[in-house]
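We call the chains A, B, C and D, going by the order they appear; numbering starts again at 1 in every chain.
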Amino acid sequence: MTDGIELLAGFLAAAVRVATPLLLAATGETISERGGVINLGIEGSMLAGALAAAIGSSAGGPWSGLAAALIAGATLAAVFALVSVHAGADQIIAGTAITLGAVGLTGAVYRAYYGTAGAGLSIPTLAPVEVPVLAEIPLLGAALFAQPLTTYFAVALVPATWWYLFRTRGGLALRAAGESADGARAAGVRVRATRTLAVVAGGALAGLAGATLVLAQVGTFSERMTAGRGFIAIAIVVLGRWHPGGVLVAALFFGAATALQFVFQASGTAVPYQLFLMLPYVLALLGLAGAVGRVRAPRDLGRPERAS
Amino acid sequence: MNARPGRGRVVAPLLIVAASLAGLAGVLAIAGYDPVLALGALWRGSLGSFDAFASGTLVRATPLILIALGFALALRGGMLNIGAEGQFLAGAMAAAWLGVHLAGWPSLLAIPATWVVAFAAGLIWVVVPVVLRVRYGVLEVISTLLLNFVAEALVSFMVQGPLQERSGIYPQSDPIADAARLPLLPGTRLHLGIVLAILLAAALWFYFSRTLGGFRLLAVGTGPRAAAITGRIDVTRTAALALLVSGGIAGLAGAAEVGGVAYALYPNLSPGYGFTAIAVALLARLHPGAIIVTGVLFGALETGAGAMQRDAGIPAVIVYVVEAVIILALLLADARRTARSPAVAGAA
Amino acid sequence: DRPAPDSSSSFRVALITPGSIADAAWNSGAYAGLLRIRDSLGASVSHVEALTPAAQEEALRSYAAQGFDIIFANGFEFQEPAERVARTYPDAVFVVNSGSRAAGKVIPLVFRIEEATYLAGMVAGGLSRSGIIGFVGGVELPPVRRGERGWTNGARAVNPAIASRVTYLNNWEDAASGREAALALLRLGADMLHHNADAAALGAFQAVKETEGAYIFGANADQSSLAPDRVVGSAVIDLAHAFLLVAREVRGGTLRSEAKSFGLAGDVLRFVPNPRLAGVVPAALSARVRAAADSIASGRLDPLRGEEPGP
Amino acid sequence: MIPPALQLRNIHKRYGSTTALAGAALAVEWGETHALLGENGAGKSTLLRIAGGLERADGGPIEVGGGRAVIRSPRDARRLGIGMVHQHPTSIPSLTVAENIALTAGWRVQPREIRGRVLELSGALGLPIDPDSYAGRLPIALKQRLEILKALAARARILLLDEPTAVLAPLEAEELLRVLTGFAGVGNAVVIVTHKLREALSAASRVTVLRHGAVTLVGNSDTETPDSVSRAMLGGAGRPEPSATRSDARTSEPPAIRLQALDVARDGRYGIALRGAALSVLPGEIVGIAAVEGAGQRELMRAVAGLIEPLRGVLEVRQPVAFVPEDRTTEGLILPLSLAENMVLGMGEQAPGVAGALVSWKAASAATADLIARFGMTAAGPEAQAGTLSGGNQQKLVLARALARNPKVIVAENPTRGLDVAAAAEVHRRLREAAAGGTAVLFHSSDLDELLALSDRLVVASGGVLREPERRDRDLVGRMMIGAA
C-alpha cells in the first residue's frame, strides 16, 4: 500500500522533472509565437544553453551556468531574429539552420573545452530545494515541492507570462503583432522590435531549459543531448493553444506520458518497448483531437512583416 | 510576395553566397584549418567530378527533390506538411516489406509495385493528420510533426520485429530482391530515383502552371475564403487531397532510398531529409523546376560536407556549422528577392 | 588532435563512424583506435561521420577509390555496403566493427562483450539486496542485446531468482532520458544497474549517485571515475588495441579472411573491478567471478546460454 | 496667421511604372472639415497613407501645425496627433473592441478599466459599440465605427478618414458626419475622402479634388457645386446623367429566381436569419433589397447565390449565377494574385483561356487586359497583383468579372461600394444592360438612393421577413427597414 503511494509519488516527481525543461522552452516559444514568429531554432538555443550551463558551472558554479545559458540561448535566438524578423527570411528554414549550426557549434566547443575525456559528471549542479511544510505533504509533497529552483521558476513563469500577455501594454502589442502585422503597425506598434524582443526572450528561456537538463538533472553535457525536446516544446505550444496555462497542462501531460513510458519499460512487460516510446506522441495526438473546440494559431504566425 | 513560384533575379543572391563563402574561409582559417583545402574538398567532393556529382550529389538530392515536390504541392494548398520524415519512413517500410518478397518478379513489375505500396503507405501516414484537421481543426503542422516520432519508433519496432532480417540478430530487414532494386547508371551509384524525381517535377510544373486544378489549389492556399465564395472550390477537400498526395510522394522518396541506395530497411535511413526538403522547397519558392536546382544544391552541400571531413580533416561538427552558415546565407540572399513567405499559410 | 590527411605516409587508414566521435563509448573508442594506429604505425589517417546508408556507402566508396589500405567501418550496418563496394575496389581491406561475416577483404570484428558483462552480472547478482537488477540500453543493437544477455545470465548464475529489467532509450545522446530510465528502474526496486547507452548512460550514473544503496557497472570503457563510490566495475572493450592489432596484421600481410573475434581470452576485453569498492565485494564472490572468467576464456562456459561452470 | 493643421505640398509617389501621385497637395486648417475627392485611382488613399505614415512619399514636404514633420510610421503620425481611418479596416480581428482601442490609444490593459473607458468614449461621441465583441465579428458598419473610436481614443487632433461612409446606411452616415463636424468644430481638423459629392459639399467646409495624382481644384464648399467638382474630377467631362430607364421584366418566362417559404440559418452563427421568405425575380428584372445590417439580407443573397444551404422551403435559381460579395478584399479577390488569376478564379471553366482542365495564361491575360480596358480600370496590367489596385478599381474588377460570365442571375451585395460617381453610373448602366439581355438581378445596397434609382422592384428585409412596400417612397421604405412600418 505505502509502496504503491511511494511509486506514485515517484512517478509524479518524474513527470514534473521531465516537464520542466519542456515547460520553460514551450513558454518561451509561446511568447515568440504570440508575436507571430515560429522559431524551430529553440532546439539549438536549448542545446547551446545546455553547453553554456556546463561550461559556466564548471568555471563559476551553477549560478554562472544559469546566466551563461540564458545568454547563449538568447544569442542564437538573436541571430535567428536577425535573419527571419529583420531580413524577413523564411522562419522554418532559418530555425532549422540555427539548430544545425548549434549542433555543430556545441560539438566543436565541447570537444575543445573538455577534450576527448568529456565532462564526466564533474559539473556542479543545483540541489533540489524543499519548500518547508509543503514538501511534507504525502504524495504531492516530494513531487512538487522538492524540486530544483528551475522548476519553481518555470511554474512561476506561467502566471507571469499570462499577466504579461493579457494584462500589459507590451503583451497586447505582442499579440497584435502576431495576429496582424499590418494592423499592429497601423496601431503604432513597432512590429519588428516587438517580435525581436519576443524571439530573444523565447531563446533565453530555451537556453534555461537546456541548463535545466545539465544543472538540475544529469550534471553533464553530451552532444545533441536535447534530443528533439525543442520540437516537442513547439508541439506543446500548440497543444496548449498558445496559452501559458494550457502550455503548463500540456507540458505536464507530456512529462507524465514520458514518465509512464519509463515505468512501463522498467516493470518488465512483454510489450515491445517501441510501443511505449510512441506513447507520449500518440497521447498528444489524441489530446489535440479531444481538446474541445478549434485550435487557432496567431493569424500572422510564420509571416514576416512586409517591408514598406 | 507570396507563395507564387518566383521570378526573381539570380545575381544578388549569388553575390551574397560568394561573400559568405569568403567569410567562411576566414573563419576556418582562424579555427586553424586550411580554408583552401576545405573549400576545395567541398567542391571536388560534390560537383568537381562527374562521379562525385552522379554518385554523391545526385544520389543525395533524389530524396530531397522528391520530398520537396510533395511539400510544395501541399503548401500550395496552404497545408504545411512538416512530417515528411514520417511519411518517408512509412514509404520505406512498405517498399522494404514488399521488396523482400519479389524475388523472381520482372523488374518492370517489381519496381512499380514497390512504388505503389510506398506511395500508399506515405499517403496513409497522413490520413490521421487530415482527419484531425478536417474534423477537429488540429493544425497539420503539429500532427504531422508528432507522427514523425511515432514513425521512428515504428521503424525501430519493425526492424526488431516483423521485418527483421532472417537471422533475427540485426535491426534491419532482409535485403530486398534484386528485381526490386533500381537500375544504376553504369559505373556510378546513381539510380532510377532521379528520373522519377525529374519526371514528377515536370508533371507538377505542368499541373501548377497549366491546369485549372493547379491554379485552384493555389487559390485555396492563398485566399481560402475567396476561393470558397468566389471560386466555388471545396477548400477543405482540395487542401486535404494535396496533403494526402504530398504524403504519398514522401513515401515514394522512401521507396527510392530503399530500392536505390540502402536495399534494406534500416532505422537510420533518413538524416532529416524531411526537414532539409522544406528548405529545398521554400528556397525554390515551390517552383518544381527550381526545386531540382535547390535539391541538387543541398545534395552537393551534404556530399561535399563528407568530403571536407575525409579530405580536409575538418571534423563533422565544424562541417555542420559550415552548412548552417551556407543555408543562412542562401536565405538572406533569397530574402532580398522577396519579402514574404507562405510558411504557415494554412494556419488560420 | 585531429587527423589531417598526410600523404607522406604510404600506409593509409580511414574510419567511418555512424555517429559522433564524442559519444563517450562506441565511436570515441574507435576514434581513439584510429589515432593509436596513426601514432604507433605512422599511418596517415582520415575520419568521416556518416549517419545514413546513403552517406555510408558514399564514404566507403570514396575511401576505397582514394586507395586507403584499411577502412574501418564502425557498425554492423556497414556489412552489406562494404561487400558491395569491395567488389569494385578489391585492394582495400574493410573492417566492419560488429559485422556479421567475412567475405574476401571484408573482415568483421566481433567483440564478445557478453563475456565481460556476464562477470559484471555475477557481481551484481551477488550484491543485489532487492533481487532486482536493471539495464539501460541505447538502441537495441546486437552487441547491446548480447551484453544485456550476458549481464542477466551472470546474475542468474549467482542468484537464480534474480529479476532483470531492461529499458531502451532508442538513442545514444539523451542523458536526461538515461537518468529518468535509471530512476524508474531504481524506484521499481532495482539496486544494481548496467548500461550500454554511450553518452546517454551518463544520466544513469547520475541517478545512481543520487540514490542511496544503488550501484552501477560501466560499459565499453573503465568508467569507475564517473562515480568512484558507486561504480563496482566495468565491462571494458579496448577498441583501440583491437584496431591496432588488425592494422598490424594488414601491414604485415598476415590478415586472413575470417571474422576476428575478441573475448576474455585476449587482452582486448576485460571486466575491470573498481579498486575503491573492492571491499564491497565478498571474497567468495570474487573468487567465483575469477573462476567463471577462466571458464569463459577457455570456452567451457557460454555466457549467452548461461551454463554454470563445470566442476 | 495660424499655420495650417496639416500641409502636404508637391507630393510624388510612384509604384514601379504606376504614378500614384504627381505633385499632389493638401492644406487643412484647424477647425475645418476638408473633403478630398477624385475618381477611382486618383491617389486619394495614397495621399492619406503618406500623411498617416503608412507610405513614404518619393518627395514633397509635410508640415504639421506649421512645423516640418518627418512621418515614417503610423507611430510617428500618432505622436504628431494624426489619426487615420483606413479604407479597409485595420483592426485586429481576434482582439476585442476594447483591446483594439487600448492598443491604438496606448491605454493600460485592465479589462474592466478599458471597457469602462470605451463605453464612456462611445457614449460621449454618440457612437455606441459593444466593447467585448471581437473586432473580426463585427458587422462592417461597426468595424468602421471602431476605426473612428480608435483614432479618437488615441487623442488624434487631425483625423484622416478614407471613405468612412461607403459602408454605412444613410442614417449612419449622417450620424457619423455630425460627429466629425462636431470634432472639427472644437478646433481639430478632419480630412474625409468620399465619393458622395452631395455629402462632401454639405459636411465639409473646403474641398480638394485630385485627378491623376495632381490637384485640379481647391475650393469652398459654399461656392462649389456637384457639377463643378465632378468636372474637376473627370477632367471637364461633366457629370454623367443617371439613366432612369426601367428594364423590361419578361413576364412570359418563368422566374429566374423563385423562393417560397424559405428558411435560412444565420450565417456562421446559431439561429434563423430568414423566415418563410417568398420572392420571385423574372428574367430581365432588377430587384433591390433594402435592409439594415443583420436583417437577413446577407443570408438571402447567399442562399440565392448557392453559398448557404437553406434549412427548408423552395429555392429555384437559374444557372449560372454570378455573385458579387460584400467584402471584396477577402471574399471577392485574392489580393496577392494577379488580375488575370482573379479573373480565372471567378469565372472558372468559363474563363477565357480555360479549355477543359487546361489554362492558357496568355489567353487569360489577354482577356483580362480587354476587361481592364472596357471597364476603364486603372491598373498596371493583367499581371499586376489585385492588392495594388485602388479600392474602387478592385470593385470594378469584381463586377467586370461577374458580368463577363453572361450569367442568368446576378446576386450583388453593395455592388457600387467605393466606386466614384462615374464608375457607379457605369455599373448601373451595365447591370441594366445585363437585365435587358434577360439576366435577373438581385442586389442589396445600404444606400437607399441607389436602391431607388436602380431597382425595378424593391423588397424590404426586416427581422428575417421579406415584404414589398406599397409605394416606392423613401420614408416608407426607411421606416419599414427599421421595423417601424
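The rule is simple: a residue touches a chain if its C-beta (ideal position, glycine included) is under 8 Å from a C-beta of that chain, and two chains touch if they have at least 3 such contacts.
Just so it is clear, the model here is predicted, and its values are computed rather than measured.
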{"item": "Interchain contact steps from chain C to chain D (minimum; 1 if touching)", "value": "2"}
{"item": "Most contacted chain pair (by C-beta pair count)", "value": "A-B"}
{"item": "Chain A and chain B: spacing of chain centres that average the CA atoms, whole Å", "value": "28"}
{"item": "Geometric centre distance via CA averages, chain D-chain A, whole Å", "value": "47"}
{"item": "Centroid spacing, where centroids are CA-atom means, of chain B and chain C in whole angstrom", "value": "35"}
{"item": "Two or more partner chains touched - positions in chain B", "value": "153, 156, 160, 315-317"}
{"item": "Residues of chain A engaged with two or more neighbouring chains", "value": "107, 111, 223, 274, 277, 296, 299"}
{"item": "All pairs of touching chains, each written as two labels joined by a dash", "value": "A-B, A-C, A-D, B-C, B-D"}
{"item": "Chain D-touching residues of chain B, taken from the complex the two chains share", "value": "1-4, 209-213, 215-216, 218-219, 222-223, 225-227, 229-232"}
{"item": "Residues of chain B that touch chain C when the two form their complex", "value": "45, 51, 55-56, 59-60, 152-153, 156, 160, 167, 169-172, 175, 189, 257, 261-264, 266-271, 302-303, 306-307, 309-313, 315-317"}
{"item": "Of chain C, residues touching chain B in the complex", "value": "2-5, 14, 18, 20-21, 46-55, 57-59, 61-63, 65-66, 76-77, 80, 100, 139-142, 170"}
{"item": "Chain D - residues contacting chain B, complex", "value": "306-307, 323, 325, 330-337, 341, 344-346, 348-349, 354, 357-361, 385"}
{"item": "Parts of chain D lying in touch with chain A, wherever the complex brings them together", "value": "54-56, 73-75, 78, 84, 86, 90-95, 99-100, 102-104, 106-110, 150, 154"}
